[in-house]
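By letter and in written order, the chains are A, B and C; residue numbering begins at 1 in each of them.
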Amino acid sequence: MASRRQALVGDAVLLAALIDGSGMSSIAEPWRRLTGRNKAVEFVDMCLRGAAQVMLQNNPLTGLLILIAIGVGAGIAGAPRLVGGAIVGVAVGTVTALLLRADAGSLRQGLFGFSPLLTGIGVLLFLRGGALLWLLVIFGAAATTITTLALIPVLRTWGLLPFTFPFVLTTWAVLMGAYQFAAVTVATPSRPALPGAHSAPASPVTDVIPGMIEGVAQVYLIPSAVAGAIIVLGLAVNSLRAALFAIIGTVVASLVAIWYEAGAPAVEAGLWDFNAVLTAIALGAVSYRPTLPAILYTLFGIIATVFVQAALTTVLQPLGIPTLTAPFVITTWLFLLAKRHFGQDRPAPATA
Amino acid sequence: MASRRQALVGDAVLLAALIDGSGMSSIAEPWRRLTGRNKAVEFVDMCLRGAAQVMLQNNPLTGLLILIAIGVGAGIAGAPRLVGGAIVGVAVGTVTALLLRADAGSLRQGLFGFSPLLTGIGVLLFLRGGALLWLLVIFGAAATTITTLALIPVLRTWGLLPFTFPFVLTTWAVLMGAYQFAAVTVATPSRPALPGAHSAPASPVTDVIPGMIEGVAQVYLIPSAVAGAIIVLGLAVNSLRAALFAIIGTVVASLVAIWYEAGAPAVEAGLWDFNAVLTAIALGAVSYRPTLPAILYTLFGIIATVFVQAALTTVLQPLGIPTLTAPFVITTWLFLLAKRHFGQDRPAPATA
Amino acid sequence: MASRRQALVGDAVLLAALIDGSGMSSIAEPWRRLTGRNKAVEFVDMCLRGAAQVMLQNNPLTGLLILIAIGVGAGIAGAPRLVGGAIVGVAVGTVTALLLRADAGSLRQGLFGFSPLLTGIGVLLFLRGGALLWLLVIFGAAATTITTLALIPVLRTWGLLPFTFPFVLTTWAVLMGAYQFAAVTVATPSRPALPGAHSAPASPVTDVIPGMIEGVAQVYLIPSAVAGAIIVLGLAVNSLRAALFAIIGTVVASLVAIWYEAGAPAVEAGLWDFNAVLTAIALGAVSYRPTLPAILYTLFGIIATVFVQAALTTVLQPLGIPTLTAPFVITTWLFLLAKRHFGQDRPAPATA
């Protein structure tokens, strides 16, 4: 039992070290020296890494490309405020962790910035309101960091990490709570409704490929194939394997959704893909060495993510609230808990 | 604290040993020798024990009688596909555990087969569809085993076992998810609806006894009093106490439901009984020695199961999804956690 | 890891000791001698402390004043049965814990009486029915104690206490379950409904101050400003800091609710305040020394409680069930888990 417990803790430490992965080559040496000398640059570095850590990558260049992707995608979608939400979110979340004196090593890796970044985008995307809405962004980002700090010791019991679950919990709370206040208005895509036996009319999906690329950007709640392509590039800059598994995730998830005849609009917007993209990276490119059994296990995890997302969509339908990345987190936790015998991964060779 | 933790772990080990219970007499000696020599027979043995382990019994003859009961009941109900679901479920679930190299001792006791068996029946009973539906049965059974493997280390923290919760979680996910896909149709008995103040019209229950016997078969989602009688026989073959407590559970639960004026159709179909049957066996015939306080505690657990089931029925009403055996699992976990001082049980004398 | 775990356990022990706080001065010495000599008086002492422990106070005089407040408030509201529910609840809950041989020290501090007391009031307030309803009060109070005993070892893993969560779980189960039985009728203020984008019409709040005082009494489900004032007095008798933070909690919560334009009736009835009152006492007057960072952290916890309550209100709207004190418990757990570095409190000087 003691050794079992130690094994669990060991896994957590190892997994943290992997996500840490010092993915910086000599090209980036000047930047690294600068972050060591200048507190402001160090803070920017934390925030850039935060943008990348949503995808479990620890690389400021990846983060920069992702922020650019968010900017381009938000611009195309006519919602430039979403970039503001991302930047305020990651900054407030990181500052909150600094004020609460969170673990310095985790802070430097951007591990307290990525969930608040998503909260910042999510609150602005799904709610309408004035100055009080921006106050909710700041408040939500700080609350996301507190939720992260709360979940870490609980999940460490079983060698798990919170992933984006603090974003999910906090953003759900803000969105659901908003129904009770007249100062903000809920503007999620689907109105509250009871699930019907035929809520998914079988219409043919016309544009498959753009939806698959868009699905990568939907990780950041951005509906844009251009943004998706830039994000894949950002992944490749740090880890070719992460980029590859992101593509595998989005393709397989789309095919499953089409096969089981999910509604065409959601498929074409990549909404069935973004959770699977994250599961694919977490299982295929971070946790396990790419042996054949591990790859098959990852494929099964991708398929399971689609069905968990379908189930959570139904659960949240009466509230008109989206699943966010909860399907990824729940499925990945289950698959990590169930299988600890595959070869554990080593940090991939640094590329940036 | 350490000793407290050790006590918890000790309980888990003891409980596992009890469920293990080597319930095989000399009559069954040839079968045992055969399972030791032939891999195929050993696999059949695992699957038969899996059918019995839903009821916390470790006996292939009990499992065989239960499979016969499922066959008879499914035939009477005009749904012979349910036997197919049970067999595919237990086989796929056990194979998945073998592939993932799960604990060999647990595998031999059928502990990776019982939840997938129920998933196989549940998916086929509550959904309509073609070949894609059978794919869901296979997929769901495999996912049930992964969920089992994930829950074991989490619950071990407090000396608990997953019981049928992996079946509940996986089947809920598949049923809820099915609303989002046009390739399968949800065919649960109750349509999604908001609970009403008078959702339980007070109509007199006419046939009490058949419902009580049917309630035992409802553990396996089979609506048949004949099947219920065969299952009680199967229990008695392994443990008279288990058979006795199954009857106590179904009788007490029916009386509570009638007393509080639950709707007559559900009472007459034994739908208030099956969770209580499992709680009665888990608390009264497996966990505790039959002292008077332990019996009173078990009775309280049976009554609590009825109210937990009523609450979960309301929670799931807006989704049109049944509670499955979640009320049994939740109530039994609570009652096991709350009371660890009653005399722990010894394995009952072997009878098969 | 071991030291981290020990730190968690240490926190739990310390927190328990604080709540224990031997808040009895020499004035109360005769009462203390009496409780030591007479079993009946000792039982009354346990029940009185139970009434105070809802607010994390360990003082029989505080409990007496709170019971008087419940009596006065229930009388004014024309629902004197609620006092009966409180007394039956605390007595049955404590007797159940005695029968199950729960920890004697915790029993003496009233830690097995406070949740059942609330269950007794909640079941009678939100359901209508005859003798079977009173049976539910007794059954619910006993089940609340079993839930308390079950949650203690689970939460101890992370150094947390159950607070009023056993009351929340049990009362939710009874209220939700009641929809399925014709023998009792659900009489919660809000009918089951899907949340609407404009469920909170912006109407001006006219009476702010009475609502704030009433909010303190709403901790005990009593809609009366007079009762609220007596309860603040009862807090002050044991701990001026507890009384002060109760007031801070109710004022800040009301202001946040008004600012975000919550519906006027709920604000005027103090329904946004009672969870915040409990969070304020738990974080500001029990867990942390009153340094400036700790006070700011407590203020953030109060604000977070309001939004968690709004979110839970939306989640429960389709079932027509109130949040009870779940928002307090969830928020306080999160804030205690996230921040263990503030100066831990010492027992406040005894005043009664």
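Quick note on the criterion: contacts are C-beta pairs under 8 Å (C-beta built on N, C-alpha and C of every residue); 3 or more make two chains touch, one makes a residue touch a chain.
In this text the structure is predicted, and so the values were computed from the model without any measurement.
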item	value
Chain contact graph, described as a line, ring, star, complete graph or other shape	complete
Superposition of chain A upon chain C: rotation angle, C-alpha, nearest 5 degrees	120
Type of chain B:chain C copy interface by residue overlap (half), same or different	different
Distance from the mean Cα position of chain C to that of chain B, given in whole angstrom	36
In chain C, residues with contacts to at least two other chains	157, 194, 318
Chain B partner contacts - residues on chain C that touch it in the complex	9, 100-101, 132, 139, 142-143, 146-151, 153-154, 157, 172-186, 191-194, 318-320
In the complex with chain C, residue positions of chain B that touch it	1, 4, 8, 157-158, 194-202, 257, 259-263, 300, 303-304, 307-315, 317-318, 333-335, 337-339, 341
